[in-house]
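Chain naming follows the written order as A, B, C, D and E, and within any one chain the residues start at number 1.
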Amino acid sequence: MRRTLLQILLPALTAAVVIAIWMAINLGLSADTRFLLPGPGAVIDAFGDQRTELSRAAWNTSQGALIGFGLAIVVSVLASLLLSLSPLVRSSLYPLLMALQMTPLPILAPICVLWVGAGLKSVALLTFVIAFFPLVVNTTQGLISTDRNLVEFFDLCRASRWQQLFHLRVPAALPYFFTGLRIAATLSPIGAVVADMNAGTSANDGGGLGFQAVIYASQAKYAALFATAITTCVLGFLLNAVVLGLGWLALHHWHDSYERSDR
Amino acid sequence: MRRTLLQILLPALTAAVVIAIWMAINLGLSADTRFLLPGPGAVIDAFGDQRTELSRAAWNTSQGALIGFGLAIVVSVLASLLLSLSPLVRSSLYPLLMALQMTPLPILAPICVLWVGAGLKSVALLTFVIAFFPLVVNTTQGLISTDRNLVEFFDLCRASRWQQLFHLRVPAALPYFFTGLRIAATLSPIGAVVADMNAGTSANDGGGLGFQAVIYASQAKYAALFATAITTCVLGFLLNAVVLGLGWLALHHWHDSYERSDR
Amino acid sequence: MAVFPLDTAPRPSPLLGRMSAPPTVEFHGVTKRFGDGPLVLDRVSLTVAAGDFVSIIGPSGCGKSTALRLIAGLSPLSGGRIAIGGQAPEEAAAETAFVFQEPTLLPWLNVAHNVELPLRLRGTPAAQRAATRARVLDLVRLGERAAAHPRQLSGGQKMRVSIARALSLAPRLLLLDEPFGALDEMTREHLNEELLAIREQERWTAFFVTHSVAEAVFLSNRIFVLSANPGRLHTEIAVPLPYPRTPETRHSPRYHEIVANVSRVLRSVVDAVA
Amino acid sequence: MAVFPLDTAPRPSPLLGRMSAPPTVEFHGVTKRFGDGPLVLDRVSLTVAAGDFVSIIGPSGCGKSTALRLIAGLSPLSGGRIAIGGQAPEEAAAETAFVFQEPTLLPWLNVAHNVELPLRLRGTPAAQRAATRARVLDLVRLGERAAAHPRQLSGGQKMRVSIARALSLAPRLLLLDEPFGALDEMTREHLNEELLAIREQERWTAFFVTHSVAEAVFLSNRIFVLSANPGRLHTEIAVPLPYPRTPETRHSPRYHEIVANVSRVLRSVVDAVA
Amino acid sequence: DKAPFKLIVQLDWVAEPEHGGFYQAQARGWFREAGLDVTLIPGGPGAHVMPSVATGRAHIGQAGDIDTLLQQAEGLPVVQFAAVFQDDPAGILVHADSPVRRFEDLQGKTIIARPGWPFLDFLKKKYGLRVNVIAQNFSSAAFLGNREALQQGYNIAEPYHIVQAGGQKPRFLSTWDAGFRGYAVLVTSRRFAREHPAELSAFTRAYIRGWRDYLAGDPAPAHDAMKQANTSNTDGFLAFSRQAIIDERLVTGRDADGGPAKIGRLDPARFAAQIALLEDMGLLAKGKVTTATAITTEFLPK
């Protein structure tokens, strides 16, 4: 009971402190530079003024982020299964994945636009590229960190490779997988925003948050820019909350990272 | 012996296959679009032509990437130690870190430039922001996943919080830490490149790889753009190799993710 | 004390396509070292007939667990040869169940699922699995803890789950590494008797590591005494007590005589080390 | 058999600023359940005098480990009160060493570092640490394996490292959860005697969980028999054999009589359950 | 005599002929003659000219007048005080064989451009055009790779690079042909304008002299400096770009009254019209900026 209350109060307190610091800096800035950090009031006004653009942009970016995130999950799990097969496979394929991750967006974005067209598809694809790597590294590490004694038990049971994967390595990898998932859930919305800046389009669906951010930045609408950033963060928070919930469901009854109520 | 040979041959084979596919696509592309994927020959020429710019840019970016990476390690470890204290601390502070991670670069970059000036300092700072999050999430997860039985043993020894941290939680967290480190080592060079696009300057030291990439892209010098990308990848590979080596030193004698020679 | 038939539906051997028989086990000059460490097992040769119940005893660290792991094919030999029903350990058609020295349960599965796991991996239908699981859990007296996770069990309970899991398999080769060490004497005797009762129903060859000479004598028809540093086969002792053995066996003078005899051998082995 | 003085430099008690004495331990109606599960310990009351060597025996899962964890303050009580030297377990000034039922070694430290760890945490100087480590490792006969990592040890060796680690501490309250269960009889007897020898040198109150009635009788001056489901204190038995006890004690008729008596009590407890 | 006054100039892009006035004046030593120690900071993708100037990190910056007006409307404390280009050479690149020949042909098309480019709003307003935007980041890859593509570009740069990359020289639809005439301007912060009028005047005089000499005289000093500041500059590009600036009379003015005398001049009437147009298009809130607050001609030579 006291616990639950704290669990709500403390984060709220943190938020309050952040807003207080924000306001203090805003007031402390000279009149000349205040525009760089608009106050909370101005940002709230911006939310009101720009609600049509922002909600449309948020909707577009959410789609891109979710599709990219989903794609990253599916592909990274498959890739991790492959990579977990042996150190040789890893040393052969990891460099490829790293190269994909490290190719700068100015190269990737135009290719992507030419390939699948600008807008949602490109944004989802670029988001995928951004969210994929942390997932694949964590999931692979999880898959290869399985307790050797349990692996031997499965060998003895003459379990097939698949059985060993699904009954042993995959569940044992979940703590790593969910760690990667949290990183990816945080990177996906911001990845979608960055992708949108490089490959978004106003066609059909209208631009996303990245598109809006470029417009606001070029017009020095800093309050609106902050509103865009806050909207991105909210998307990330929501995605993270879902991931945290799933992690709890999958792990709390056995993993040591969750406090045991039955001590 | 056979093993070691394979360990060199297979990655080389992968590289060869990649280059072969690359050349095949290059030849298969129509004359109109071939420029999008310049052939290996053109890229090698570009390395030659642009060696002055590229080596200067690579040097600048390396500095930014290394400083940002180093900063990310130090700060993430400190932050993780804080976050590992309790679920309450986590639910209070994680949202803050996520917000930092998710603030779009068009917002962060100008503030950063104002604060520390364009160029190396800003690039290092923005690289830090990009590399920090995967590290902190992984390290924290590692710190809170400590075997409960060992925690109880430390409690019984009346170990101080610090002792428990340094003798127990930190070593136990190393597998997670190194996983995060690999992600960060990959993100740092590309992060420095992206940061350079947003806050780099050709003043004083000259721009980094990101700066060059944008210039090359705007000048339609695609072979040079690819040379930039390859240089970024090489930086990432080097950083990763160091991290892998350190991970091996720290973990191979006890962690199940390394194959045991003594079976 | 009721004895339940355990998963006795005919199972084809993976290689022979018919019910497999308990295998013979032969060690020919088996040598084992880990990496470039010292010798752990030194030229061990022994022959075990099909259906033998063999106990291995010896001081801590003499190589008992290592020997079982070699039989199971979990660890490569450094020298010599092991034949199980004439085949190399990795290829042996015999179905092997291994109760490891540590419980080795999957922490994310509850007791019921842990016990059912090997059957599940074999594709046994759910109904049959549930029946077998209920039977073996009753056998180790853990029927009521079926829903608990391993971390909620006592040390002895975890070990009993591991035993139940092995028994659910109706194996042809049974490797037991100090399975009853963490149990109280009464539970231990109960399980000793159950084990012998199951042996009357099914047929397997068993290797049983224990530190209790009395237990070794009660259960097995042959006892191998290992000496340590390096592990060598010191003595092989036959136990000429007839099966089936019952609680009364423990009171027979013959039994006590053999126990005293084995103890003396063992003591001489350990004293040689100390 | 030599007995080595173990880290006997005077250590101030953290609270009293002087050498602490072995504590008394009292249970007042102690009740324990996990979460909303069934009762594990039900109104257990007992009193242990300073310097007592208490054995706890009872069927697997009856709550022996739980009782030790409660004494160590590792687990909260559900009801009742425990006083250690008059204080609550978490605050007790007595320095406690606990040999857990599982070895609980740090996998990244080698044997030597694992054994030295608690002394290190206390800030004992390196030279003294090394001397103590060498002594306790000799005691458990693992001096030669000091450089090995836990995963390179046999089950019994791991347990011995854990025992050595506890003995290095010269504690005032010693909690031993089946420390010798994984050891062969000879090693076990050796360590039994060492333990008693150390007891003559240092002074501690000990709680010793075992499944061996003979061991319980040989070591302790009092035996608590627990019954299961829920764990209740069934009987308390005094062992009126004088200390120091020697290997000869094991041959005395008195000793055998008490063992037989305790066995009978234990059997009645288990039969009540089965 | 006094130590020279330190002045920092933030350019909007890497050193190129569009900065000819700065580099020529610098190379010829005319800033120093005017008692100024000028540092030219090349820009690039992350130049952040406006925040730098507004916060005093740089004293003078180069920017587009329309963006500047929009930002002034948001309260940025900057003022426009001299022209770089009388007409901004921005426009739409069109493939040589594209059927798009006039602005009217853009109906329903998609243009690769910076999101929020006001010219597109203007087209919508003037021709009733509906066009879509694909966000771009200075790269012309997507344009080159697609024969149908249309892209925002600079007449004095992209065509050259596209030809160099093996493409056909694209056609160009200029903003001024549509009647959308923006300046490229120099800006400074209000505070600096208030506190250092003399230095600004001296600077502007030297800057105009630099342009005049760069366009009419020998550009070699400026080009050498530009090559040093930006090693990817080639003689071919510098010559092309300078020639385009001369041919299109970007610095001297495309109007009838154009000529060297117009270098640097700002026309308040044109600004008033510009502001009215932006207000009309809904990009500027009415009355938020006026010519009086947006620009000053105080530092231009009388």
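Here is the rule we use: a contact is a pair of C-beta atoms (placed from the backbone, for glycine too) under 8 Å apart; a residue touches a chain by one contact, two chains touch by 3 or more.
Just so you know, these numbers come straight off a predicted model, no measurement behind them.
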Listing by label each chain that touches chain B and chain E gives A
Excluding chain E, joined-chain groups are one piece
Here the gap between chain A and chain D, centre to centre from mean Cα coordinates and rounded to Å, is 50
Separation of the C-alpha centres, chain D versus chain E, in whole Å, is 84
Chain A and chain C have mean C-alpha positions lying a whole-number Å distance apart equal to 50
Per the C-alpha centroid definition, the whole-Å distance linking chain A and chain E comes out as 38
Where chain A touches two or more other chains simultaneously, the residues are 33, 36, 105-107, 110-111, 114, 197, 210, 214, 255, 260, 262
Expected list for chain D, residues touching two or more other chains, is 34, 37, 74, 102, 152
Two or more other chains are touched by the chain E residues 51, 55, 137-139, 141, 145
As the complex stands, chain C meets chain A at residues 14, 72, 74, 95-98, 100, 102, 104, 106-108, 117-118, 120-122, 149-152
In their shared complex, chain D is touched by residues of chain C numbered 34, 37, 57-61, 64-66, 101-102, 141, 152-157, 160, 177-178, 181-188, 190, 211-213, 263, 266-267, 270-271, 274
Per the touch rule above, chain B residues touching chain E in the complex are 32-33, 35-36, 50, 52-53, 109-110, 113-114, 117-118, 196-203, 207, 210-212, 214-222
So, in the complex, the side of chain A touching chain C is made of residues 149-150, 152-159, 163, 167-168, 171-172, 174, 253-255, 260, 262
As the complex stands, chain E meets chain A at residues 50-51, 54-56, 67, 70-71, 74-77, 110, 114-116, 132-139, 141-142, 145-146, 189, 191
